[in-house]
């Protein structure tokens, strides 16, 4: 596979990335109309870290990390490396040496739809990562691929320069041109949730707050006492 | 699907729940004759927490958390929410707002055979949860379901009012009418294990303590030296 | 199944085991020519622990831990217990009582291609373990098996006396007769990596350090600006 | 595990079983209010066969088929054997010799939440089977279990005497006391579907037949031309 | 989720679709530079069928087939329906009634990243389908979605009007604007493969035909006799 | 990875291979003391075919079929190609052109722990195959590997010259030096099974034939009528 390394892609504005980083993935996903998730397969190797950055994308052959080397040169301050393979792989394509090079360039972290290794070292140096697998398995540098082309991870398209937000829940991608709008919608959603939180702390029910009693009636969901229910022969 | 919300189910006695909470899931499962487990798919989002409560059960449509809202009203002091879906789902049906409402009502935690989100916040507020997935994916409130009917999670039937015990190893369900007996049997088992632990610390072998040397002989398991074994051509 | 318990197998030299324990699984796997891994299914129940020991191997029937009892007697200072089953199983074959007996005998830890239980207790007592599952499910002692015969875990053959090294990334097996050579090769690799780390910290690129620019040219990977790329209709 | 063999359980009426056998699993599942499915893991070893029978249930230890031997004696004309294990197993617990014995007794087929073997022979002798796995792995006869107790397969409770219906789509369980009602509801549903089929053949749309255009409007789903859509920058 | 139904998308030329249908998925995938595959999860419900058509895409909520009803109206001669869900689902969203309506409109088949039912009937009526699961589980019509927007299945973007080719090996998507070029490249590849086939039938080796002996030498792969190899202690 | 191509390994005797081919995998696995299986992941692409041959083994890098080219030259009459990869892969490494070359050389079939393509063509030409996946994904020829070294598939060691037997149930490996003994033991087992089959056809029960009633008693399994059981509150 001959590939292409695309230089100088447009990127989301750093201020918008910062604003998005102030919210969790669940909030941002909701603010985007419930879109943008990279599925449930990418799990963090650390706990309690939230990070956002602009995507530098890598498409690699399975078992081969040549294109990650090519991608390092394309990475700069505020970026986040996003790696996938042309077919499923669990190999440990990325480890502490790559993280050292990237951290020096100001890269915020890694999202990889394959394996990662040196996880203890990565945690130790504070380089956050989300991966599909953990594996010491090494890789070769023998087959071409691409950098900064659109890639797909977890059913989600990621383009270079898009905003990647990752936390303990998972990973979400915000298209670079929507970054400001999504940051604002996330802020609005958090304000709304703060009101709901306060109401719930005072004992209000979601059934009442969101008008769901009517929904239950419309859907034919009924209330019954345990005795009536059990008497009907469907003893719970 | 029209469903039913059952009110006022019988519950295990609080004192028995407390007694069961004094043991781990492995002990209680053994004390029940090796029954009651909810499989290996439900994993804790935190470490080092053990909790027991009486089940309030929820049966939801996949991608829909309407019935969790209905269930909140049915929850009270000492309960533990148990949620499953009519077909497999990884969606994040439950998050920090639900936990806020439940914590105020004295609910002990959550066991959900689907996805959960806001996991960092849940850990922060001390609301323990066991789930089949972690996912920021949001859900709708469009389809009916049931509350406090018998449900199945991990091959195990859970009825409202049954005792749910969960720790780092997994989740076990104790039928509400067996709670006292199981608490006592667990206590007895722990005493027996304490004796075994002491014996093992002094160097006794399980082979001797449990009479297993005879079992090995009966089954035809033989001893051989490495040299004899390797000499036979089956070099290990 | 009648089986065999092999006594007195040869073991890797303790000094070589110690030397191997000074490196991570990724390093040792690379030093062995990228071999020796036990796959990605065996995960640690703790974080931040690296351990090495000589294998005492167990082949058990699924749902049956009789042969682990037989294996305890064969374990001594510096050993590490390696357990697999004749067909896939997630049952909790191993718990705190076994760990108590093994710890007293100087055993370094457990690698099990099945389930484990009492994980909180194991972490508490500092007995490290890597397993394919966590499950409170108990087992019987009814069917024979073998101890100290060659077994296969994760596509890797493990013989008694081989060196097992395990850390946060996974588990690797070093054949007992290669232990010294692998220890030395690992040391050499670490020295080489230290040089690379220093170079990367000063900003050198892997592309230059490893001569990969030529590789990219040979493979037909080309560079293009975003504008040229997007102008070609393949807007990233 | 000591178990119990329950003799003489009540069974669904043979005429109702016959009536249910006249419909597919999808129809019967719908007629039951979308309940009763045994999940998607149980797949047929043959194609184009639909069968119904009354359940004789077996709960076995993994890797052990002793209780299937005990169950054979409990099986008679019109029954269908339903087997599960106390924890997940893929072992080939059932083969041609069991099928020979069962076929002679008038048993209709097998549903097993574990492995099966001799599949070519089973197809050859016309003994239909649905299993979670195909495996030549043999089993022992060393640990107890139960016959004709309620069991859970694929999240569904199956009691002895319940009606099991299986076809190319999967397996459904009809509680024995609901058999007549479900047979009638299935018949009604087929009549309704025949009308829909005829209408669709004449070109009517589900959108019109089921009043779904109003649903789309209520949900805010809008129509747009491709040119408008693409012009908005969201080029499909 | 409010969605959008896009009408009148551009489509690949029927003649090019026809030409692509003359080749297998492996050939077309190779002719596209080894791109375009929809992964390995989508399996045919029949054997020996190859079909190509222009995609009408559907994005549905899990457990909900409302948008398939909306999509039927957008389908015409030569189309092929492509369905996915916003999160993973195995529910049987599509069955014989939908196939009846689509077949009347000249639709060629179905590719669905979820469940399918009535598989025996679909085979009987000659409506080919590729799905991620087979399940009788029924669905609701309660939540919005979209028709003819770009969707992702198996890591591959599919836009309305793109060419979908499916056979026993899997499913491939050809961008509508590349259809002619890919058809020609596939034809060229088949001619080249015919020459290779003839050569192999006469005994030529791939090692010689593709110059791979040099590759082996360059990579350091060596030849050795079994006796030398076994003599070195690495007895195979 | 530099590798090695081993020439001229010893092979099982053709007459013994022939004899083994007269039995199914379940029979041979039992005759070997319930060993030798290659797990449940390798499934046939055809139905009703049983084949045996002597293994030519291949160890390839994932996504790379270079070493299969090297292996073709090592294959001859009566061989069966056995391929695995250094880490898990679903890529379609093998297709109709390889089968053409191998069939000409008298090779009996393929067992591959990765993907396969051109499955319709392989069925058409009568070249039987068992694989872990079906995928049109193409591969490169860029990284070294080995031929005729011991490999592991499905937890089973396969050495060059060992006998591979495959049928609808799965795949089993017989060590080359045990071939005669296993053939004879299989023959003996079939004779024994024929007697059991005849007895079962006349109505004898396994409970009696194998003396299992005593086993049930010893294990504490008891009989009870449904009425007693249900009366005890455990209504089945």
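Side notes on the structure shown:
We call the chains A, B, C, D, E and F, going by the order they appear; numbering starts again at 1 in every chain.
We adopt the following convention: contacts are C-beta pairs under 8 Å (C-beta built on N, C-alpha and C of every residue); 3 or more make two chains touch, one makes a residue touch a chain.
All values reported here derive from a predicted model rather than from experimental measurement.
Shared contact partners of subunit C and subunit D comprise B, F.
Equivalent interface to B-C within the set B-D, A-C or C-D: A-C (over half of contact pairs identical by residue number). Greatest centre-to-centre distance from subunit F is found for A, with centres as Cα means. Annotation: 41 Å between the Cα-based centres of subunit B and subunit E. Centres computed as Cα averages put subunit C at a distance of 27 Å from subunit F. The centroid of the Cα atoms in subunit B and the matching centroid in subunit F are 38 Å apart. Annotation for subunit D: residues touching 2 or more other chains are 1, 34, 86, 90, 135, 137, 142-143. A complete list of chain pairs in contact reads A-B, A-C, A-E, A-F, B-C, B-D, B-E, C-D, C-F, D-E, D-F, E-F. Considering their complex, residues 1, 61-64, 86-91, 135, 137, 140, 142-143 of subunit B touch subunit E. Subunit D contributes residues 2-10, 57, 66-67, 69-70, 72-73, 90, 92, 95-98, 100-101, 104, 115, 117-121, 133-138, 141-146, 148-150, 159-160 to its touches with subunit F in the complex.
Residues of subunit D touching subunit E in their complex: 24-26, 29-30, 34, 37, 40, 43, 47-48, 50, 167-170, 172, 193, 196-197, 200-201, 203, 205-207, 210, 212, 215-216, 219-227, 229, 234, 236.
Within the complex formed with subunit E, the subunit A residues making contact are 1, 33-34, 84, 86, 152, 155-157.
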